[in-house]
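In the two complexes that follow, chain A is the common piece, with chain B as its partner first and chain C second.
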Partner chain A sequence: MENKLRKIFAETLNISEEQVTDGLEYNSIPEWDSISHMALIATLDDEFNIMMETEDVIDLSSFAKAKEILSKYGVQF
Partner chain B sequence: MTLEQLFQSNPYEMKAEDKKKMMFQEISSLTKLHRERCEPYENINKALPAQHEEGMIEDLPFLPVRLFKLAELRSVEKEAVIKTLTSSGTTSQVVSRIFLDKETSLFQTKALVTIVKSYLGNQRLPMIIVDSPNVIKDRTSFSARGAGIMGLINFGRNHFYLLNESMEINWEGLEQFLEAHKGQEILLFGFTFMVWKYFYKAALEQNKKISLGKSILIHSGGWKKLLDEAVDNETFKSRIKDQLGIERIHNFYGMVEQVGSIFMECEHGRLHTPSFADLLVRDPQTLEVLPNGEQGIIQVMSLLPRSYPGHNLLTEDLGTILGEDNCPCGRHGKSFVVHGRLPAAELRGCSDTHAFDSGGNNGNTSSQI
Partner chain C sequence: MLLENKVIWITGASRGIGKASALRLASEGALLVLAARDEAKLNETADEIEQQGCSRPLVLPYDVSNVQSVKEAFGMFLKHHKRLDAMVNNAGILEEALLPMITPEQVDRIFAINVYATIYHMQYASRIMMRNKSGSIINLSSIIGQAGKEGLTVYGASKAAIVGATLSASKELAPFNIRVNAIAPGFIDTDMVQTLSEQKYQERVSAIKMRRAGTPEEVANTVVYLSSELSTYVTGQLIGVNGGMLE
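Our next item is the complex of A and B:
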């Protein structure tokens, strides 16, 4: 599942999979800004068939955090 | 209370007494912080009389908003800036530039969530953006419109941009969107004038009556152009309800110099201060603070700005504070209304007086700002 998530990150942010590590943070690279963040959230909603709440959209500020938040919605890593 | 604690609580529950104390402490310490980190700001402060430690909030130094058009005011290194916001001054050539670092940008997002979720809840709603996608094309520099959209976009999902590049309604897309979200509560966001001209008026002219049913419209950006057409808030609401079927409509007062700590309109048509922002009204001539109920220039305070000295600003808008902790809607904080821009506020320099006197409607506010 972590690989699936890494792939989604790489594809929606348009970066290489190697760049997607736990330490990857929102606004730390030009590719992950507020606009691509919305695209990322939309893809995560679709791919995992969930509907994240507003606060989680804001909190999802790193790859590690994404795993934590998705776990809340029943996605297992 | 730390900002983080304020973001975790209801933004409309702090009582006047606590608020007053907190605001004085926090705005004082922000003044100190920016004096240390922003040289031009320090230079301005050095020219002012010294403040007393035990003073009042109204004695703390404030900047006129237009200073952000004239000087580059930054309290962080250039490298730390991740986003620059620009004002959309309609008649002026010079734009304000507001520099955001990661921290301030995050505070803005969190503040907005704290405020708006108290109106919308935590569920993201299918969202119609009454604008064209072009407005957010440049990803590092946002106009006021772009910044507004990017702030509100977090509350939505399945975002649909209502207008194309020529500002025409995509009726087909709208139909599909409404079909896909039948029976669901829909969030609409747009700038007041855009909603009026390109949605309401376009629908009226094309004889299209629609029912957005269980929907909520949030809009902002000022009434200047609408007041020229003699459209006030009440007219705006009733016409839009009639033509587009939107029942819940909330305006908010906010500015690019203080993104995040917005003042939302409640069910009783009053704007409200959240816990992390405050407001004073000053006499346009003497700059003395006016009592509640009297109209004057609005001064805004916000605890969010860290990367630029925008925590205490004198706007160019006229408003009246209606009360504190006593709005019939039950929210604490000050409630107020905005009457519009100070006449000829876009003019500048010492040659203002003539143009102002001939163009203004009360002709008595000359050159304080």
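Our next item is the complex of A and C:
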């Protein structure tokens, strides 16, 4: 599942999968700005068939955090 | 048909402009989601739509101003549909009060339904629309939000707020190919208007260049236009439907 998430990050942010590590943070690269963050949320909602709480949308500030948040919605890593 | 199989959600769909819009959108082939508090009235609208030979809408009775209810409604929606093509934020209330008589409860009530509900629905609707990089959000403002009227300070403020929210959201969502526009109806023959005295009614009509009130169907036609492919390059606009109303 982590690979699937990495692929979603890479495709949505238009970066290589190698760049998607636990340390990848929101606004740490030009590709992960506020606009692409909204696109990322929409893609995650769609791919995992969930509707994240607003607090989680705000909180999703890194790849590691994304795994933690998605776990709350039953996605297993 | 202009809206064949387009999924369109409309709040305040049980009467007035909302109901007229629902009937008109359905006649153009849209698959509708009808929202309001009154389930019986929503089902009446759904029955009328079905009797027109159109698909029966999904009926969602909930309080549009309660963010938890809105969230649950979107959750329910996603069990039936995978995409949302248009969101029509029509639910609204009008209460008159001169400045000294405005109560905090009235301010809260009017803003909760006219403004907060619009923002919450834009928030959730846009998240679904982003998945397909396409969509149209249509917010119902009012000529009162631009021109004002004595006794309607709170209502006018709420309808002006909708314009500000529409303009900002249109800029934010344009990169996702989601259009956001507002409609500002003038004096329209709805239940709200029918409570006016004959004298007041005539006073209002005399301020309209076309010398008549508008019909809910005339507003509904603009809702159809903004929901359709005819308006794919129109965003961040406030469209008046007022027959040349002066004030």
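Simple rule for what comes next: the second predicted complex is superposed on the first by the 77 of 77 C-alpha atoms of A that agree within 3 Å, B and C clash if a C-alpha of one lies under 4 Å from a C-alpha of the other, contacts with A are read in each partner's own complex, and residues count from 1 in each chain.
One rule holds for everything that comes next: a residue touches a chain if its C-beta (ideal position, glycine included) is under 8 Å from a C-beta of that chain, and two chains touch if they have at least 3 such contacts.
Every value quoted in this text rests on a predicted model; they were computed, and no experiment measured them.
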item	value
Touched partner set for A:Thr43, first chain B, second chain C, both or neither	second
Which superposed partner A:Glu18 touches (first chain B, second chain C, both, neither)	neither
Touched partner set for A:Ile35, first chain B, second chain C, both or neither	both
Between chain B and chain C, more extensive residue contact with chain A	B
Which superposed partner A:Ile58 touches (first chain B, second chain C, both, neither)	first
Shared chain A contacts, counted only where both chain B and chain C touch the same residue	35, 38, 41-42, 45, 51, 54
Chain A - residues contacting chain C, complex	35, 38-39, 41-43, 45-46, 49, 51, 54
Chain B partner contacts - residues on chain A that touch it in the complex	27, 30, 33-35, 38, 41-42, 45, 51-55, 57-58
Contact set on chain B toward chain A in their complex	82-83, 102, 105, 109-110, 113, 117, 120, 122-124, 136, 139-140, 150, 153-155, 157-159
Contacting residues of chain C [partner chain A, same complex]	71, 74-75, 78, 123-124, 127-128, 130-131, 175-176
